[in-house]
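We call the chains A, B, C, D and E, going by the order they appear; numbering starts again at 1 in every chain.
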Amino acid sequence: MAAAVLASEPVMYSSSSFVAALTVLVLVPAAGALVLLAMPRTRPDLFKLVALAASTVSAVLAVWVLAEFDAGSAASFQFWQQYEWITGWGVSWQVGVDGLSLFLVVMTALIFPLAIVGVDAEHSPKPYYAWMLVLEAGCLGTFVALDLIMFFVFFEIVLVPMYFLIGGWGHGRRAYAATKFFLFTMFGSALMLVAIVALAFLHSSASGAGVTFDLTAIATNQLLATNTARWLFLAFALAFAVKVPLFPVHTWLPDAHTNAPTAGSVILAAVMLKLGTYGLVRFGLYLFPEASVHFAPLMITLGVIGIIYGAIAAAMQRDLKRLVAYSSVAHLGFIVIGTFALNTEGLTGGVLQMVNHGVSTGALFLLVGMIYERRHTREISELGGLQKPAPLLAAVFMVVMLSSVGLPGLNGFVGELLVLLGAFNAHRWWAVVAAAGVILAAVYLLWAYQRVFHGPASGANAETPDLRWREGLVMAPFLAAIVFMGVYPKPVIDRVEPAVDAIIAHVEDNVAGFAEPVANVQPPVSLEDLARSTGEADHNGAGNGAGEHNGGYGGGAEHGEGDG
Amino acid sequence: MMGALLAQLPVQTPDVDWTGLLPVLLPSAGALVLLMVRSLVPSRVMPAVLDAVWTFAVAVASLVSVVVLWQRDAEVQAFGSQLVMDGMALFVTAVVLGSVALVAPTLPRYCKRVGVASAELCVLILLAAAGAVVMAGAADLIVLFLGLETMSIAAYVMAALNLRRLESLEAGLKYFVLGAFSTAFLLFGIALVYGATGTTSLDEIGRHLDTFILLRDGMLLAGSAMLLVGLGFKVAAAPFHAWAPDTYVGAPTPVTALMASAVKAAGFAALIRVFVEALGTRADDWRPAVFALACATLAVGSVLAAVQSDAKRILAYSSVSHAGFILVGVQAASDSGVAAVLFYLAVYAVIAVGSFTVVAVLSGQRDDRTGLDTLAGLSSRRPALALGLTILLLAQAGVPFTSGFVAKFSVIAAAVEARSYWLAVVAMVSAVVAAFAYLRVVVAMYFRDSGDEAETAAEAPKPAIGLGAGAVIVAAVLFTVALGVVPGVLESLTSTAAGL
Amino acid sequence: MLEAAWLICAFPLAGFAVLLALGRRLGEPRAGWVATLAMAGSFVCSLAVFASLMGRDPAERRFVVTLFEWVPAGDFSVDAGLLVDPLSVTMALFVTGVGALIHLYAVGYMHGDGDFSKFFVYLNLFAFSMLVLVLGDSLALTFLGWEGVGVCSYLLISFWFTDEANATAGKKAFITNRVGDWGFMLAMFWAFGALGSVRYLDLFGQADSLSSTTATAIVILLFLGAAGKSAQLPLYIWLPDAMAGPTPVSALIHAATMVTAGVYLMVRVNPLIAVADAWAPDVIAWVGVATALFAAGAAMAQNDIKKVLAYSTISQLGYMMLAVGTGAYVAAIFHMVTHAFFKALLFLGSGSVIHALDGDQDMRRYGALRAAMPVTAVTFIVGWLAIAGVPPLAGFWSKDEILAYAWDASPALWVVGIVTAVLTAFYMSRLVFMTFYGEARYGTEVHPHEPSRLMTAPLVALAAAAVVAGGLNLPFTKDLHFLGAWLEPSLFANEAHLSLGAGAQWLLALVSMAGAAIGIAGAVAVYLQHRLPASRVEWPAAARAFYVDETWTRFVGGPGRRAFEGVAAFDANVVDGAVDGVGRSVRAGGTLLRRVQTGFVRSYALLTAAGAVALLVWFLVRTSF
Amino acid sequence: MDLAGLSVGWYLALSVVLFAIGGVGLLVRRNPLVMFMCVELMLNAVNVAFVALGAGLNDVGGQVAVFFVLVVAATEVVIGLALVVAINRRRSGATADDVSLLKG
Amino acid sequence: MAEAVFAVAAVLMLAGAVGVVASRNPVHAALFLVQTLVGVAVLFVLNDAHFLAAVQVVVYAGAIVILFLFVIMLLGVDKAEELSIEPIFGQRPLAAVVGAALVAVLGTVVVTGADVLTGLRRAGGDRALDGDATDIERMGRVLFSEFAFAVEITAALLTVAVVGAVILTRRASRSDGSATADTAAS
């Protein structure tokens, strides 16, 4: 029965639409990697081109998906497809995007070509670009997977290319960092595999149907005993917590980031950390609503600790890249508390923040890479006064940094605001503490900026070349995204929110006594009457205010019912 | 006189299904033919490469016979009630013969380089394979024991076959002493089970236990314990694993490959025959014991692999840890557990042969250059070889899109289905520890600092791989990856074999 | 015209965009003119909006222009909308007006600077942010502007970034403000949590339904934000340092406009203050008056001319907060406006002086500049008298109104206020005397001169405003209460009612005039007639602002830093140490286990036998005998 | 058939003791040849058990098993002795403790 | 009577076993082994396994022990082993403990469990010991019917042993070539 629901649930588009888009999206980079592998070593000039071509095809497809995405039914899985994979074990290749994953897919597909263009392989270009493409395929696969095993497979496979990227093209203690990264994250997901299998079997024995790893079927049926579900949730949460990374399982991150090559850091920060947060939403809240509610205080606590702790640790770093890495710990804490605020504002903010952090921190790592390329050091103490010789670089850095600080008008703010708002309604005092993270973000980033860009430039610092054309072109899309998402996030929110509402409604439906912690919303009587000094004013207020917005919310609730 | 005696005492000879017997007959006959030809034909006439070619041909021919048997739906009573070629037996036979077929092509170059008697090695390999097949198909404890001995004694000799290397002799001696020791336990176990049930036929033991509830089961349980010791030794389950690392390292590398693949497969087949099938009704008694063995094996294998600095030894310990994984499937004591075990055996056999072949290629004149430092910078000297070994190692670590992941998944699934959650957890955690060991190999191949990389590259010439070994490695890697992407093919075979 | 209110913001934004794209190509001075024109355009638009608002019935002088939905998420929906009402238009008017003048001045002042165009990029961005702050129709939008001005302030303070001190000052300003912003954000969340909206009109409409506790919390948190922005105790510490920026910046941002944003915010949310517990406004008043006194005390002994003005600004902001706390919202705004005029004037004047003395800011090396810079001197003296509270200049009227309300609320507040007034008169006189009177103490190589017309014209304009601005809100009769009447719709009748009779008011005014006279006389005695050595009145403690800043710095640099380092060390050693420890212990376990693998075949046999025994024992346990 | 008044238990007990002696012998002796002899002791213990059990069960299976054990014992001895010979060629008089190059 | 024989044989056997373990000289050990083997043969006879008893004496005591002695002499390893030292720490006490435990555990099981046999006694048929065939006949019948396959495998087993013994005892002659190098080289 669940299968029947599933089959009818996703929105299928008319035949004119390209239904296999997501599958192709995932496979194109993988194919590109194979092509690279087969290419002769004698044509090194072509490697980058091939990699770029493959990732660009994916990017174009992703943008096409974004354009074709039906915002009205963002709570349903679109471009949905299912093939049998391992029939005997009930594993299938099942892909689809909804509002939660749409922007992550788009961001991933767009960042990869930028990272490929923006950063050259320092040596051995062929395997480098091949690993990059494998990584892209893995990341995209994770975001579109709707089968638990398929998800796990992609979730795990990304370790390999990243391991080789860090180990092969990294700096410093690269072998240590790569190994630590691999083992730590692998350890995290080790238990998840057990949990996935247990979930499928327990679901099967409870439903009487065959074993299936179909996410939607398992999530909608909700057949597990409370205690069991809680244990399984913990196993899932551990995997995601490591990937996120949440305090106290975050220490792989600084090492991995610091020693990774620039593109590796960019992808790691922008995309791979999101695998964890995305997993928490898609496979935490959706699969285990009750356990999510039960453990929300724990997760929020860890998130808040991460925010403060990460920020403080970031402030004390001597290595610029390490500093940015710790800032990720802090930022990801926001996403986690937003997620476990379990209300529309918080979760929407969390999803938004996933994209925002990807853009901002990705850009930040690119910039740090550029600095490293120029100065061959990331020691903050050896840098200084760069704004004089490289004003453009400094300006771009400033904007990206301010976005990371959460300046209103730039993208970081919107997400952070919603997250804190949601968290405040759910867990007031934690939100109060978390908000202090906003102060700390300013502390470490401004301090870093001062030490790197301000002050007199001496020695090699004075000779630092400014941003080059190609670098500028790579940074431009980031800046555009930063400003656009800050000024006009509505198109994004409109697509994210229905999916978020559906998840929240799912939690409400399945957890007895749980009600979305929301603000004390009252009918907007307000001073409209006072404002109604002219006919026009009245028109303005009503047209743009609550009326239209309520319509959108109602729509979201409908999808929620459909999903639950 | 003789005829009169026979007439007086008619002996009821059992029915023999000759086709069913082919998987045993072909290798043993092949071995004898080779032995005879080699003794009679002067070596000038017959180049050494023909030994391997012959072995390969015999293995392939036996495999064909297995395929033919597989086509028959019913289980084949190959030799009365002594040898039953059912699905599981056929599958394990295929794994054993497949391993032989994979190892054979690597032999000529190896034997020539290291100075190992290729003809005798081939003879022993084929005879060991025959013994292994007997183990897989044994329907009687005595037959099982004899098959095991045939295989084991051949293996003892093969381990010591690199006579010029003292380590090889040591490997043979250790394997032999401990093997004989554990054989004694196994025999005592057989005796006790025989005493408890009045028969050595596995079928009858199973029926007996199904039918009667034993009021006094001490003898049966003690017998089970002793059997577990003997068979646990063969599959290198901790704490009976101690021989494995030393023997694996000392033995000629292709032999090691066979020990990790064929010998292990036969051992597990025997374990399944005895415990899951014959003693299945007493699963509640032995499952906790296997649980403990599996945990110990996983822990010992992976933790000790992590501290080694010799590639061959790492692989040896990892082989122990894989045995632990397979025990997880045995512990499930279910059809899906058996299917998982079979799946894992097939997958691991290929991976093991592939990995050890890479080691063999690099191991130098004396077959002793197996330290991690010999792998240093392999990625620049032999990128394809390095990539191949990397894929095989990642498969051992259980990385997705390799057969290793699917294999691990299948045993985990079986364990979870049998509600052995903690065992599954232990297995997964130990996989992480083992991964560390594999990563050390990868680090050695890829991430050595450029300084000494150039140095070693200059000093170590590109190792010659050879056509046979190359083909084997490529085949192993392709199998590993292909199975990782589309495991359904093998999955359906194992399900059928396990009677699912 | 009201629908076009967005043009007020659009002009500086357009200026910003144009300069960002073409600034470098436009070069000096055209970039400056573009910026100034943008401000002027904005001022004209403000005037137009003001006019059309005036044309309405007082009750309908409130208008919302919604541009687009900004953050519509769940119940939380924020529009990019402008709230046009008397209060915001008043603010817009003087922000754009004073802003335009300062832009103009800056064209001259920044002459020759390498980053000339960048300066105006920042200035225009600042103006835009400030206008968004003022005109925003919700707490969230105000916060957008609030942070925007913070960033611009940061950028402009550290404009000459090659000097570490400037960079540090900018960073300090931003971070200190962030502490306040924390309060602002929480207030916003709380308001949303309680009322489901952050739009002002929604909040005000439902303010009555708030519990007094909630309202108090919101007010106090907002006040924390305001204290950061408006440099109240104990968050004032950034403002004196902020003087590191170019002088027009000090005038525009750190005197006239941005720092008053806190006061504006508190006035804006007056309906919430009305609902809050009574102690909340008391806190505001007391913090305000304490700040006023404290800063005045510090200003007494500063030698840096801009520092004096900075402390003076803090002190005056304290007055405004005092007004807010006593419910004298009109007085607060009134003082804000007059203060904008005379403080901008004083800053620009000081800028001219600094300019003339080749960047020297130390008053001990000034003196007798009256002759060399007559226009500057005269306008400066006007500003001095205005701030000192000498009637009939603007400062007298606005300050006096505040003091009257203070008396009404609590004579104690009034006493502190009047003492502050005396001190104010004293230190401003000191400044004027040290700068323009006495003998010239600057070196012979310096030749002070009057700056260009470009710079003097704004001085004259501001001086004129400082003289007449008092007329905006005269106390004598209700009819002369122009500003009060105008702001009425924005205050929802929350303005406190002065219970004093006219006589009492006159009396207070006289006392206050006397106070000003005492202050000036004292300064004359010390600095012109030298009857008392200056060292007697310039306490060392005051010179170092009573060590507040130093204590902060010591704390941040000492225990604070150590705590941070402790966390970092904890992370590296304990948390990461645990991770590495797991790895190490696995390896240690392996090494230990290796010992079992002795290589002796007999050991292995023993192991095997022991294992066999163990298994046998297990099965024996399971046996039924 | 008469068990001559002796229960199988006695035989089995004897067998167990012999098995243990053989096992302990293998653990404590260093001469590989003596170790092999100890293995033979263990195998003989098994044989005793088989025969006794067979007798108890009135079944020839035990004796058959012994037959095969004898064969296996013979082959094992052959191989074992060959190994010892081979090792002694390389290192004369080596005890079991001497062959411990491989460890860890 | 039978008890007495059993007792004597048991004592003989165990004494021999202890002798094997305890004699310093391998030659003595081999002779003690013969003693044990004969004891076992006596037990076989007690159980009416006459054929096995004969085989035991002929094959075991005769052939195998001779082989042992032969190798001992061949290698000249007949010198006494110093038994008073134990190089491996803790080996002996642990061995004793393990041995004792083995006896205790197995002994408990075996002694208490032995009477299950009576319930399983075979009644008639080829395999029953109380049939009218001789024990040689009985064994032959079973070996060539039920266990025919097992017998056949022993062929493979013996082949392995032969080949193995031959390879192992051949001298690894040349340094570069292989043992089969005489074939490969040409």
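In the analysis below, contacts are C-beta pairs under 8 Å (C-beta built on N, C-alpha and C of every residue); 3 or more make two chains touch, one makes a residue touch a chain.
The model shown is predicted, which means the values in this text are computed figures rather than measured ones.
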item	value
Steps needed, at fewest, to go from chain A to chain C via touching chains	1
Third chains touching both chain B and chain A	C
Chain labels contacting chain A and also chain D	B, C
Higher-contact pair (C-beta pairs counted), C-E versus B-E	B-E
Centre-most chain [mean C-alpha coordinates]	A
Most remote chain, CA-based centroid, reference being chain C	E
Centre-to-centre distance between chain C and chain B (centres being mean Cα positions), rounded to whole Å	78
Interchain centroid distance [CA atoms averaged], chain B/chain D, Å	26
Intercentroid distance (Cα basis), chain E paired with chain D, Å	4
Whole-Å gap separating chain C and chain D, where each centre is the average of the chain's CA atoms	95
Residues of chain C engaged with two or more neighbouring chains	583, 594, 597-603, 605-606, 609-610, 612, 616, 620, 623, 625
Touching two or more other chains - residue numbers and ranges from chain D	8, 12, 19, 22-23, 26-28, 30, 36, 53-54, 56-57, 59, 61, 64, 68, 72, 75, 79, 82-84, 86, 96-97, 99-104
Touching two or more other chains - residues of chain E	88, 91, 94-95, 98-99, 102, 105-106, 108-110, 112-115, 117, 120, 122, 147, 150, 154, 157, 160-161, 164, 168
Chain pairs that touch, as defined at the top of this document	A-B, A-C, B-C, B-D, B-E, C-D, C-E, D-E
Complex contacts: residues of chain C adjacent to chain B	583, 586-587, 589-591, 593-594, 596-597, 599, 601, 603-605, 607-612, 614-616, 618-620, 622-625
Footprint of chain A on chain C - complex, ascending	3, 56-57, 59-66, 68-77, 79, 81, 140, 143-144, 146-148, 151, 154-155, 158, 161-164, 166-168, 170-171, 174-175, 178-179, 181-182, 185-186, 188-190, 192-197, 199, 201-206, 209, 563-565, 567-568, 571, 575-576, 578-579, 583
Contact footprint of chain C on chain B as seen in their complex	173-174, 177-178, 181-182, 185, 214-218, 221-222, 224-226, 228-229, 232-233, 238-240, 242-243, 245-246, 285-286, 288-289, 292, 300, 303-304, 306-307, 433, 436
Residues of chain E that touch chain C when the two form their complex	88, 91, 94-95, 98-99, 101-102, 105-106, 108-109, 112-113
Residues on chain E engaged by chain B in the complex (per definition of touch)	105-106, 108-110, 112-117, 120, 122, 133, 137, 140-141, 144-150, 153-154, 156-157, 159-161, 163-164, 166-168, 170, 172, 174-186
